[in-house]
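By written order: A, B, C and D. Residues from 1 in each chain.
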Amino acid sequence: MSKFSQEIEVSGHLIDSSILTKIFDKIMDLKGEFNVEEIDIGTKKKDHSYARLTITGNNQGHLDEILKTVYREGAVSKVQKEIQLKKSSKDFVMPDNFYSTTNNHTQVFLKGKWISVENMMMDKCIVVKGNKAFCVPVRDVKKGDQIIVGEAGIKITPPERPREGVNVFEFMGSSSSSERPTQHIAKQVADDIYNTKKKGGKIVIVGGPAIVHTGADDSVSELIRSGYIDGVLAGNALAVHDIEYATLGTSLGMNVKDATLAYHGHRNHMDTINAVFKAGSIAKMVKSKKLTKGIMYECVKNNVPFVLAGSIRDDGPLPDVITDVAEAQRQYKKVLKDVDMVIMISTMLHSIATGNMLPASVKVIVVDISQPTVTKLMDRGTWQALGIVSDVGAFLPMVAQQIKKRSK
Amino acid sequence: MSKFSQEIEVSGHLIDSSILTKIFDKIMDLKGEFNVEEIDIGTKKKDHSYARLTITGNNQGHLDEILKTVYREGAVSKVQKEIQLKKSSKDFVMPDNFYSTTNNHTQVFLKGKWISVENMMMDKCIVVKGNKAFCVPVRDVKKGDQIIVGEAGIKITPPERPREGVNVFEFMGSSSSSERPTQHIAKQVADDIYNTKKKGGKIVIVGGPAIVHTGADDSVSELIRSGYIDGVLAGNALAVHDIEYATLGTSLGMNVKDATLAYHGHRNHMDTINAVFKAGSIAKMVKSKKLTKGIMYECVKNNVPFVLAGSIRDDGPLPDVITDVAEAQRQYKKVLKDVDMVIMISTMLHSIATGNMLPASVKVIVVDISQPTVTKLMDRGTWQALGIVSDVGAFLPMVAQQIKKRSK
Amino acid sequence: MSKFSQEIEVSGHLIDSSILTKIFDKIMDLKGEFNVEEIDIGTKKKDHSYARLTITGNNQGHLDEILKTVYREGAVSKVQKEIQLKKSSKDFVMPDNFYSTTNNHTQVFLKGKWISVENMMMDKCIVVKGNKAFCVPVRDVKKGDQIIVGEAGIKITPPERPREGVNVFEFMGSSSSSERPTQHIAKQVADDIYNTKKKGGKIVIVGGPAIVHTGADDSVSELIRSGYIDGVLAGNALAVHDIEYATLGTSLGMNVKDATLAYHGHRNHMDTINAVFKAGSIAKMVKSKKLTKGIMYECVKNNVPFVLAGSIRDDGPLPDVITDVAEAQRQYKKVLKDVDMVIMISTMLHSIATGNMLPASVKVIVVDISQPTVTKLMDRGTWQALGIVSDVGAFLPMVAQQIKKRSK
Amino acid sequence: MSKFSQEIEVSGHLIDSSILTKIFDKIMDLKGEFNVEEIDIGTKKKDHSYARLTITGNNQGHLDEILKTVYREGAVSKVQKEIQLKKSSKDFVMPDNFYSTTNNHTQVFLKGKWISVENMMMDKCIVVKGNKAFCVPVRDVKKGDQIIVGEAGIKITPPERPREGVNVFEFMGSSSSSERPTQHIAKQVADDIYNTKKKGGKIVIVGGPAIVHTGADDSVSELIRSGYIDGVLAGNALAVHDIEYATLGTSLGMNVKDATLAYHGHRNHMDTINAVFKAGSIAKMVKSKKLTKGIMYECVKNNVPFVLAGSIRDDGPLPDVITDVAEAQRQYKKVLKDVDMVIMISTMLHSIATGNMLPASVKVIVVDISQPTVTKLMDRGTWQALGIVSDVGAFLPMVAQQIKKRSK
């Protein structure tokens, strides 16, 4: 064994979840060497496997880089060490060499025990307080926080691919394509929503204004009214268009009922914003019965929390919009706490934002008419997402109809 | 008036159909000069307008080029001249300076009378036989044919934009966007199909295999069975996938009914091709009851003509496929004769081909999930098309359902 | 003349800028009637035209709606009236029936004189202070502000299409397509940038992180260094990626120089954010020589103002990022004051935001690899934009090279 | 061991090429059981691995389906059997249960020896003649041909992922994205072309008309002239546009040199077609010096074979176009014989066609501005392709320039 070698071990569904493949890949990508010291492949499909490898680098730095990388794939050092901590010198500033998180389930070896990191998200640091470890974003780092540095004492468990039970994720595999039987996918998604809810799961919708333009507002409203949705994350545009549609019957100046052009269509958009400012807030519009249907209305009526994050392109924005994006991120995270399923509809901005806040174990469904949008979201780290390339205005009504059938 | 000037006149809905705008544009694009000698704008919206202009070029060649261009926009020379003819010297060869057609309604001044050119298509030549004039593609030019050269004696009438009655074209305007209320567009398209048929119109579908993959096969089959469709233009892929779905229940190896993976999915594709070859043809498969449902089946059963054009990427192709594309073009044209409405679904290749064969007066609806595909078709000359950016597997079932309601 | 009629007049390049066509269209869309009382078409191409129309509605409300609409297209009432004003009752609240602006040059009839509205943007209200009128967004409305209501006393001048001189806008027309000779478009864009600057014009870049990923960072840096750029509007991502590339040589974990994979690529992203927080700001990083090249560096060094607007998906975001989007909008507007040309590169979010703040007379060039993105921006109201569908990483270096040639 | 069990074995880079993962996947997808009897993982990265599994199905049919599937992934039955043959009963008709090929390297056990199947393509059958085996498409099957049926005696070797040496495939991984450093990818592609040629490799271009529209014609012409290209596969459109550009200087009616609009642009397209018909063929145009530059010219001059496949949307098509697609497929295959690298540029139709004819071991590079197009090609079975999402008009000149540098 070379001076610059180290033994690591890894266990789990090494073969069928491709874990071993990825570890071999990473070592070779970084031009390291490896030796398989021991391997024990489960003989049956549900059996766990175990492997022990010696990894060798050209020098200590090289070896360290390889180790860092394979640790992210689930490998652990044969000899466990305690995590190392360093204090933050200044608000918002992490120590050099801070441990940057993945969105996988992560444990840290603290005072001789493995403890799970809470509130797992990707690209954050880990702060240790007493016997607990938390995943914390830069803007929440306070001077003096104890932050994990280096890679010692950290164990990652990549999610295993779903194998049991039939759900839309298993059915579709990981690819996104527009060439799938739409009606059947809609059924599968309906099943998944229905079953998740039946088991007491939490479902959050992330949505863009195309929900309204394409005529899917009623379907989403119904899902909320029927109790399937536990939170709505959006921006100013969804709210404005939803309220314009609910109060004036138009979206982008088109009468949605009979599909004729409204007099002065775009004006309605500005009138809507003014109406909410006059009322003071969306909830007050509902209270004063100026707003009596739609997505925002159902949220207020059914106590479903919604968060509207501001963006630079907003008209207005509405008084309910959180114009400070750092604060909006905090509110998004609150709503996403312990979520089981997230449905992202036609909004790249809010979908990527939400994806960044989710542990990899949360089910994510993305519906968009543009394949590159769907692909981009997955490339940004939310690789567990199921992409559905379809027309929201046709797809969501199908899903809503299917759920209705199941609810009877 | 300069030596290099000529007077032209133009009439029709000059303002609201933008004809005058386009003529002014073209003259300026080519850096010519113009003088408006007389203009008479209809005072009411249905009135026709009239304008007389003097156009001036830098030299005779320049003037001629400008004139050629404005003639295409509907202008005519003040002084009408007879068309000029020249014989084809060789099969497939047109005389230099042959008149290259647009897809607009075209008349030629022959023996002192204006006669309409039959079988109008774009980018072809005009052959005169006796007192008739025909639009003829290169491959049908025979040695000795009398072909129109130059621009004299030709009058074009651009189609006026639809103003009366409500149909989907009026509703949507000319733009294609995915941000429209899908369910309402589906209703409008259903109305248009229903009304066109009620008036005895002829409707042809041009379709690609995504009809089957996305699960819209049943909807199209139903439209054919119910008598709404008078012809199907496609390629090998639609037929193979349709027959695979009808006989084996799969498309691209997925069981469409319960959405599970077929054993050995892709194999089914090749088995289907072999099955048709064994039967000898699609019609024989129907006759021997080996094929009992689907698009191809309904075509055979209901005597709806279909033409399958071969392409270089075909597997097989099926015995029914016309592998010679020049012959396939001739068969397409036969089916398109006197058509009133063409619905193009998820196939750029066959849609552009069909677009090239249609006079601009035919209503064209294009449904595709990709906006660039829809845009490209229009850029290729089929500018009158109405583009719908949606998911075929969700949109066509909506249309079929709406038509069913109307038929009751 | 009916009880519900009114005479309007309009002048300018009525035909070649399609103004008359649009007015006729709008009247017919709204099912009104019109009579052309007088029309005087300029006989030469540079001549202005004049038209006087009587418009008739079914009732006063109908007529008013039609009038509102045609006023937006440049028509004015034959009889001019003073504007009407009403006070804002509350901060952020406009009076009902407030006049909602277009992005066209707008004049208001105030105390018997036409005065131009300053700081023109679309979808805002107009506040009158003394003898001046200002275009003001909702969030800047203060209680007691005098706001224009109704449509009386307002005159709009739609921009005329460019006719003189050769620039890329004239060359390309209004369409966006990927099927254009890329190298020649790059030359035209270079000409336009060079000439705009030579005449003392102001040029602002709006950019997304794809500038860095695709390897165009050096080209943009050079444009700034050479003095062509007067402002950079972006978000957190462009800055982070630019600084990561400048300090660590990677973008998305790929070594840009030799195109190999960095050890621990994504980590670099977080390290970059931490480094800026440690320095305190981008300018301080430049001052302490920790940042010595790239887009942000050149901005600081050359005193080119940059504004980084926060968004919900930001990692960090950097201390320089304005996390309050309402404030970020104000800063964007400052940089955009009196701008002549805006170049938008691979960012829909910031491009739409910027487009909303620009009068229609500003030249806008949009470069993106996705055609739907380009189309969407124009649909959102920035119709004057020139869309170029190309690969930023290949296109911008071409433009930079061409400008360099001209600068010698 | 159950009645419905069978032992299989597999060897090669089982882990790093994911072969074992895929086999486990397939068994589980089909709901079979497996037991790992023996596994020997190479301890070093270049070592081969070996595994022996018992697979169990619910019944013989189930087991057979699972076996069929895993055989495709490289597994072989522990006990080798001779292939089974059956005669074709009729031209174009294969026996039921014919073995349908993959595009992987395939061997058959014939008279006690493993022999390689020649001319490997996907979705075809295998015909045995004497001691040789050939991959044969449906249309080439003759009555009496000995065709392999069932799955016995067939061994597939999936290509291993490239590990050694630096080339663009290794660099990019398998994903296609527009967010890559374009200039570096261009360098890598140039390296690959240059090195392939240096080693005496054969390179074929498959191209669409966007090569000409986007201004990349000169770059492709230069590659041919410099001897890098051994064949050009295209359709009518590329040839017509190339010759229009070469003879009239326009493409789609735009003067490519100075980017102004040609008088009567689209007319040039038809004139070009007529000119080739007058000459009789492209080669005769070159001979008579009517065609003196461009892609087609360089092919003729340098004896580089080109095949133009007809399609239903062709204008003309040119006399050189093979209008029978079955014959065109044969000619394509001839040019593709023993090819090492195929560069597909902006044509989905011809690229998918070519992909279907290639063994998986051929390097394929696809360049297109549309990501869905690139993805679709890979989904259709040409999974080994490297997708580059870029603007052809900017990318190809970069590649050509880089190759020029290397050639000096």
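A few comments on the model shown:
Please note the rule applied: contacts are C-beta pairs under 8 Å (C-beta built on N, C-alpha and C of every residue); 3 or more make two chains touch, one makes a residue touch a chain.
Bear in mind the structure is a predicted one, so any value in this text is a computation, not a measurement.
Over half of the residue-numbered contact pairs of A-B are shared by just one pair in B-C, A-D or C-D, which is C-D. On a Cα centroid basis, the chain most remote from subunit B in this structure is A.
Separation between the centroids of subunit C and subunit D, computed from CA atoms only, is 45 Å. Subunit A and subunit D have CA centres that are 37 Å apart. A separation of 33 Å divides the Cα centre of subunit A from that of subunit C.
Residue positions of subunit C touching 2 or more other chains, listed in rising order: 178-179, 370, 372.
Chain contact summary for the complex, subunit D toward subunit B: residues 29-30, 65-66, 68-69, 90, 92-94, 96, 98, 100, 123, 138-139, 235, 261, 263-264, 266-267, 269-271, 273-274, 277-278, 309-317, 319, 323-329, 332, 349-350, 352-353, 356, 370, 372.
Listed in rising order, the residues of subunit B touching subunit A in the complex are 171, 178-188, 210, 213-216, 251-252, 254, 256, 259-260, 369-370, 389-395, 397-398. Within the complex, the subunit A residues that touch subunit D are 15-16, 18, 20-21, 24-25, 27-28, 33-37, 39, 41-45, 51, 163, 175, 177-179, 371-372, 375, 379.
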